[in-house]
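As written, the chains take the letters A, B and C, and residue 1 is the first residue of each chain.
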Amino acid sequence: MITLESIRRDICEAVEKVRERKPLTPSITNTVTINLVANAQLAVGGSAAMVYMPDEGEAMAGAGDAMYINVGTIYPVYEETLPRAARALRKNGTPWVLDPVGSGMGRLRQKILCAFMQYKPTIIRCNASEAIALANFWRLGNGGKDSGMRGVDATDSVAEARQAAVALARWTGGAVAVSGEKDLVTDGKVAALSSGGSPLMPRVTGMGCSLGGVAAVYAAVASPFIAVLTATAIYNLAGRRAGSKVEGPGHFQAQFLDELYLAKPEDVAANPLELEEEPDGTH
Amino acid sequence: MITLESIRRDICEAVEKVRERKPLTPSITNTVTINLVANAQLAVGGSAAMVYMPDEGEAMAGAGDAMYINVGTIYPVYEETLPRAARALRKNGTPWVLDPVGSGMGRLRQKILCAFMQYKPTIIRCNASEAIALANFWRLGNGGKDSGMRGVDATDSVAEARQAAVALARWTGGAVAVSGEKDLVTDGKVAALSSGGSPLMPRVTGMGCSLGGVAAVYAAVASPFIAVLTATAIYNLAGRRAGSKVEGPGHFQAQFLDELYLAKPEDVAANPLELEEEPDGTH
Amino acid sequence: MITLESIRRDICEAVEKVRERKPLTPSITNTVTINLVANAQLAVGGSAAMVYMPDEGEAMAGAGDAMYINVGTIYPVYEETLPRAARALRKNGTPWVLDPVGSGMGRLRQKILCAFMQYKPTIIRCNASEAIALANFWRLGNGGKDSGMRGVDATDSVAEARQAAVALARWTGGAVAVSGEKDLVTDGKVAALSSGGSPLMPRVTGMGCSLGGVAAVYAAVASPFIAVLTATAIYNLAGRRAGSKVEGPGHFQAQFLDELYLAKPEDVAANPLELEEEPDGTH
């Protein structure tokens, strides 16, 4: 049975294992925040490698301990690269994180996100509007909500996206994390609400993207649910600590990476967390 | 009539409005400084979203409150993306900022910059050599000057680029800002000279690009002239403040973003500013 | 005759000359660390410009005082861009630095790296596994070692790569630098071992890439051997200083750029250095 205690123990272990094993976690990710994704992965103890070409995406899907795919900026070559990488990940049983940035924008982006349905990303990390949009694309239950994207920002609340998140998790058999004031992490049966962070976080680009990249690092050593919950917890912890030490978003980013690097496993595990069973969950 | 007082009042209002409204300001911009552009836009209160694909550029030109286009690094797909986005911006009457980085380099870059002539960018943000090169491309008056580009750096002075800047502003009906020791901002009738900044600014890549991105944010709530003047003033203020607190370019960037975030509207408005009428201006 | 004293004098001079002349050093480099490459080049006193298009790569190979090519992330257009740029560099006699990131990964990456053999990069800057892989591609002596790449990280030691590095340097007639705990710089006849740095350096992405970019800046004013040794020395000095002042990788990067900017020529020259003759070297 999943309890708060067992979860905290598993989070502690995930933080430690990554620092010991330095899992290789390649990414195909957007150019806006690619540097922060790599630096956050390195700060928690992972190893980063970014690629664009189809054969390299497929090769990384074979070589990596886990992988991160973020569709924030689409290139033409992604038409081949992304489905090939996702297919290889699924075939190899390699855990991977999908960050469906800007769901709903662009023909190729939608085509790629639709193709991902069959490859069942182990973890989906997104904001509320992206969760709703993706559940709509995949024709899963979403509570009849339409997504309210504005550029790449959410206009929907985490509560409004909860039904979509549960539906996505049940489809993939993995975990879904929806970022918000309290972050929701669900495996379709149990939901964890993680809190912390800082009001400066939305003033720094790539906090969500790099959270997805870090979730992939933890997915190399833990279950999807624990992996993305560990990433969420260390982000909430490091964000709260960094936010209390700086005056603005520039120094926040530097301090935040330091806090990721310095965080003790037991402190990550002790970060505020609530547990709720999903209405018809059967853990 | 435009006076220093009315300008300062309008700058103050632009800073406040952006913080209230958080305008969506998508960009198509170079990969070198794309992260700083987004972080600067977020620091002043805007919302950022970067794209590359033709249909996404066009969609963003429709969805954005203003847009930023910077040709610093050209991809093949830009042959379609950039003219389509610019056409849509012009058609929709959406304000946009052009940053003609590296004018004169490359066949495709020149072709795109020439195509932009008919779409009349609301604001052109550039260095002295780029202003002269662009006025030459567009066969506008430029005082007979040839542009002296060196890579992406200017070798001409702001004074030498003034005639080109005025000609560009008169053609577009918008505003042109030329960065230099004193920054020139002109709408073809009146010129404002804004000063401040720090000798560390040329030692950090992307100060100019991100200034263009921030000008686009202000263009969502103010006239082209006031928008780019507000961006220039907050850059001169934040640059001066950051420069006085740090020892080198690494911490400068972090401190600069903090200062953008912390600057009070009345302090931005009070930044040193001189006003001059253009010889045959008719304000 | 090369002595430690003559080397130290040449390093001192290289640091000074770059600050005086601000050499234009364009790059074609990966999107992960492109910003840090530019900022490091600016911090030591160079001028940066990044391009992707074939005609722009060729133009930069003509306009630049030296050039930096890093294959960390490959785009389809590089099939034409990179060989054209390298051919122009060779033809013009312009010094250039190759950073063969991820040697062994991907069809196009390998094809490009093989094509580079005939254009003889003036400086090769890499990790141990990349040196071995490149010597294998080029069928030069490598001590019978197979490369042990893991993503973009080395699993081989600098000592294991020494034979490959010497073979590469003898082929190109330039210099090769292999990063490790002690960094090896060889021109095929003499080897210099440079030490310093910080355990935080592998926790920040792009320290190697930006070292290559900075080596290109120095290559505009010094011999290949002195250029890459100067870059290595200033990195070891700035890394040691930065590492002693910060707690984690976030502030390390900011402090490191400050230290590059602040380093006195004589301090760079005085950084710990050992000299060894290669077995059959004929200096």
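Definition applied: a contact is a pair of C-beta atoms (placed from the backbone, for glycine too) under 8 Å apart; a residue touches a chain by one contact, two chains touch by 3 or more.
Computed from a predicted structure; not experimentally measured.
Interface residue usage between subunit B and subunit C, two copies of one sequence, is largely distinct: under half of the residue numbers at the contact are used by both copies. Note: Cα superposition of subunit A onto subunit B, rotation of 120 degrees, nearest 5.
Spacing of subunit B relative to subunit C, judged by their CA centroids, is 34 angstrom.
Multi-chain contact residues of subunit A (touching two or more other chains): 31, 35, 75, 253-254.
By the touch rule above, subunit A contacts subunit B in their complex via residues 30-33, 35-36, 72-76, 102, 105-109, 150-153, 202-206, 246-251, 253-254. Considering their complex, residues 24, 26, 31, 34-35, 38-39, 42-43, 47-53, 55-56, 59-60, 63-64, 75, 77, 253-262 of subunit B touch subunit A.
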